[in-house]
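Structures for review follow.
First chain A sits with chain B, and in the next complex the same chain sits with chain C.
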Partner chain A sequence: MTMTKNNGANLLATVTGIALMTVFSIFALHAENETSLLILLAVGAAGVFVAYKSGFVARAGQGLQAHRHVGDLCIVSAFAAMVLVFRNDHFALLQLATVLLYCVVCIGLNLQIGYCGVMNFAGAAFFGVGAYTAAVLSTHTQLPHLLVLLAGGFAAALIGSVLLLPVLRTRGHYAALVTIAFGTLFRSFLEVNDTLGGPQGLKVPGMQILGWELSEGITVFGMSFSFYVNYVILAFVLLAGVFILTRRIKRSWLGLSLDAVRIDETAASTFGIHIVRWKITAFIIGNLFAGIAGAFFAMMTSFVAPANFTFGDSLILLSIIVLGGIGNLWGILPAAAIVLLLPEKLQAIQEYRFLLYAGAVILILLFRPQGMFPRRLRTLIPGLGTLK
Partner chain B sequence: MDIGFIGQHIWNGVMLGVIYAMVAVGFTLFFGVLDVIKFSHGDVLTLGAFVGLATYLGLQRLDVMSPFAQLIAVLALSIVSMAFLGALIARYLVLPLRNAPPFITLLITLMVGTVIRESIRLFYPNGSNPQAFPKLLPTESWHLGSFTLRVDTLILVVVGVAVILLVHMLVNHTRLGLAIRAVAQDSETARVMGINFRWVVLATFGLGSGLAAIAGLMNGLYYSEVYFGNGTMLAVIGFSAAVIGGLGNIYGAILGGFLFAAIQIATVVVLPLPSAYKDVVAFCVVIVLLAFKPTGLIGEKSSERV
Partner chain C sequence: MNATLLECRGLTMKFGGVVALNELDLDIRQGEVLGLLGPNGSGKTTFFNVVTGIYAASAGSIRCEGRDISKLTPQQISRTGITRTFQRSRLCLELSVFDNIAIGDHQNLNNGLWFNLIRRADLEKQIRDTFDRARALAKTFSPTLSERMLQPAGSVTMIDRRRIEICRALISRPKLLLLDEPSAGMTHEETRELMDDIMMVRERIPGLTVVIIEHEMNVIERITDRCVVLNYGRRLCEGTYREIASNADVQEAYLGQS
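So, the complex of A and B:
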């Protein structure tokens, strides 16, 4: 088989794969009753299994690497197709946007945990810092909302930097405690603080960017769109930006240094890698992402309350990462979709969701300790050799 | 502020400190033998309290009304079942992953805790609401001016201190304790010396979890109610106490437990903040302490073997 022929087949696999996944997601979001959803899930699971066994996934992955632009184009059109299909379905769009925002947070966490090995058990708390910052700033100041988003990110990064001193001086379990204590403290603080609304939370005005009112529906060529379309599109842009930035970091010498710090601190430092610098970088960038997503989330749902930012929510974020594969950026999206959407769709398991996630994570960690779809080894030169 | 008021708070602090110290001792024991944190500890504690509650209700059905018999049955069943559960968790979930990075073991035990907690909420009748816990201890109280001493709290503190001393004796003066300390110091060498590593680990986890059951029952008796979410906060507090004391050190855990309670009480008595801020302040202190004493107050010197 010639190289070009192989190449074409890979590309075809990529395009078909993305198209199939899009169609599947549309059907899944549309499913009205539980029987049809269960049948759909069974078909989906069987499809994924067959795709893995037949080497389709590997092909699609190679195609994606070889033709990055075609792949990006496919993803953008898949997204556009979904928005068109659900243009007037408020609930589906809200869920879609929530999944996208959770992906942003999880990419941040992956940068910390999956790349650099800095533990963060307070993802939801940093998300909450961004959300509350947005609530306060957009209610009490005239700051443009794009800046409010950034401010949410910076606030989370700033509070993260305060935690940095103990995080950097401690190791392993001691470092984990710092973030666990912070997550618990943040929640109690919100509940008892009356200026921040106490347990009832705060109202947040809708987003407005350069005169563009995001909380109003739009009509294009006679087609009316729900106002959530605005948020979904903006969330997609945000996710794309964060994703591209993180992929760049991963592929560059920055990512190599982060990996070295995670795998062996002592060896990394003997090779002249400044461990503290990289831990700071990863921790701050990760929290920045979480904060921006939080600010966005607050303005989208126009409401923040402590109940959204508990330690349990931080664990859900970690479940997404483990399900997607620790350090695997591509795994985050399907994992977030499963973790967030499944309970909404299957009312029967809504009540049992924490139990089921916890059980699933235990099984995955026991049998596949690197997560469901672990990150592949770093390829030094494609097709030649691998370097971890 | 009169002396009785302060005395009352200090007594509450002692009571809390005993409970925290018991939880922290469990964490420190587990860390000692396996270098892992078993985060499901707090939820094992809650489950212990619920087993006690269920035992009590069962005895009522059977018309066993003697408070003494009830107390003994509640204690025995709760402690034995939790010790067994702790050993099971160690055998099937912690031991297989003992060489995994801390993130993995922490996450898996957190999730085990979630499974226990959610199971109580979903499967105990009306489990999502707080349940009244029976008053199994004498309910009278002594008044000394404005200071009221509840007899049951006095019993709880005495029992708690006795249990902690007992554990201390067990670890320092028995063959099992010798084995535990040997494994904690160097598990390879301990194995070479003929110590049954797995058995010692399971015994330690059983011991710690039995301790958690006692702490859970004490917590239930003290507040006269139990709630499925009790364990989460107690686990975070117990873990904090063990860490600020220095993981792996029993004295450190006891010190940390009482220190945490002292900070909480000091916040209520001294600072001009609503008492609800006591957890916020206490955790802030924990974070600051870790910044200055990264391996705890009585910490092991951390150095790395390459």
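So, the complex of A and C:
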């Protein structure tokens, strides 16, 4: 009896929690001036603190685990509510879609760094490979745009494979240096390459999928929607797909093998785990995600330039996964929202944003090294071992 | 006398100028428990590392049931049925007890992309089977451990961590189990319990061959059939515990010249 009562309370906590976060995000995106945003942030921080201390967060987490479908439904409704509220606000929708696409890249990085332990400091470069591939293919060929997205992913994975040899032959810091070198090289290459537009970049036509023109506004039941709504919805679908796929990797023998490689290569190889095979798998899939997101981003913003794909951007991606909790998929979303949106909203800190990211990462590593949302133990199958 | 399972001839391992194994000849017989003794730095752990393929031998051969395994990778060697534990625990402490044991069964688990991502029903069946086997194995050692299968490995006691390592090595049903100083860091009481465990493993898995590196002499006396003493990477002598304990060379190697 108490069991079911607890169960109900947990579920209520989950639904309330997601609803509160949605309302908060809507207000935060709406905030016009900096004073109101600061007040809102203070209220939010206090709310999070109280929720943690009162056990509300723990309850909501249990509820989410016990009723996964309800959780999924809540998230989809929360997303739909945000789209409805901002239906005509170009800027807010663009920001929302950017956050979703950055989440896709960060999930890829999490697969590489958080699961397998392969360092990648060139996330933005692989994002850029996808973006430029989309720019070239959609301008010069008649390839359907869904395939252009995939081609962006494959191009990033392919160019990533060239890096495999040096990445596999080096370890730890040295492998990280290889990717840093690649990121820098990629940007310089774009800047001097006139065919790819040099520093000015390239224009990209809007996306068109099966006759659906994404860069045109829509009207439903007399309500007009910004054309960005199309992109936001599609980005959400992409993120959901990538999320589900990665969660399946995590909750299978694949995730176990990746973890074993990250934690102890020597022990893993004594039990027959092929270190190289798993590093290649993680590196290629991660870059594939980054490339697809990049291709999407290019067609959404209809413009690509080298300045969007710098080493600094790679560091932003890394700080998102460090803040969210390395290896935790859910943590990426709030972390990406904070890292990307806060500087946009608070113009005063725009100039100092790298300083702030660095500060935040140092604080997190000092006081909560597992990130805001530490990774949980693997649940291969819900309820495993409790049925008997 | 039983057939030879592992036959090492002229096994040499050099690290720069240091000769860790020096033309070592060593036979391990089917089904025996062999104690590997010797002072610190005499090459015991190096021997394990060479047999499991972590180091490639500088010279010499290792034959497992007649097949030369000295050029194989650690992955290939694990498939021939040789597994081990480590002197300093090498568990994945942040993973669950079950995850750790399942890593040991890697060669029998389907790690294909298609199987894991799409054929979820088959995967679930394999997970449940593996879970039941891992839990049954853990239960033979410690009922409390078998109830903590989904807790982090870092949250169990030191002796249970050692048991996880042994389960991880046993779950793939190996032919040869290499135990690298299982009593390291244990109290006397824990050491005694662990030795009971190893005796029990012997009874339950009759064909299993075990090589154990150990400094606790009463452990060696109790569980080994035969001992080999190494010194400076060479075989100093071999025989039953009683024979080697009374050997003058062994006493000299351990205690220094008197």
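Rule of thumb we're sticking to: the second predicted complex is superposed on the first by the 377 of 388 C-alpha atoms of A that agree within 3 Å, B and C clash if a C-alpha of one lies under 4 Å from a C-alpha of the other, contacts with A are read in each partner's own complex, and residues count from 1 in each chain.
As a convention for this text, a contact is a pair of C-beta atoms (placed from the backbone, for glycine too) under 8 Å apart; a residue touches a chain by one contact, two chains touch by 3 or more.
Given the structure is predicted, the values throughout are model-derived calculations rather than measurements.
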Does the superposition put A:His274 against chain B (first), chain C (second), both, or neither? second
So, A:Thr266: does it touch chain B (first), chain C (second), both, or neither? both
A:Phe91 in the overlay: touching chain B, chain C, both, or neither? Say first, second, both or neither. neither
Report for A:Phe49: first if it touches chain B alone, second if chain C alone, otherwise both or neither. neither
For A:Leu163, decide between first (touching chain B), second (touching chain C), both and neither. first
Please name the chain, chain B or chain C, that touches the greater number of residues in chain A. B
For A:Ser252, decide between first (touching chain B), second (touching chain C), both and neither. second
Touched partner set for A:Ala358, first chain B, second chain C, both or neither: first
On chain A, the residue positions that both chain B and chain C contact, one per complex: 266
In the complex formed with chain A, which residues of chain C make contact? 52-54, 73-75, 77-79, 83-84, 86, 90, 92, 94-96, 98-99, 102-104, 106-107, 109-111, 113, 116-117, 120, 123-124, 126-128, 131, 135, 149-152, 168, 172
Chain A to chain C touching residues, read off their complex: 245, 248-249, 252-254, 256-257, 259-260, 263-264, 266-274, 281, 377-378, 380-381, 384-385
For the complex, give me every residue of chain A touching chain B. 113, 117, 119, 121, 163, 165-166, 169-174, 176-178, 180-182, 184-185, 188-189, 191-192, 266, 311-312, 315, 318-319, 322, 351-352, 354-355, 357-359, 361-362, 365-366, 369
How about chain B: which of its residues touch chain A in the complex? 31, 37, 93, 96-97, 100-104, 106-108, 110-112, 114-115, 118-119, 122, 232-233, 236, 239-240, 243, 247, 274, 276-277, 279-280, 283-284, 286-288, 290-291, 294-296, 302, 304, 306
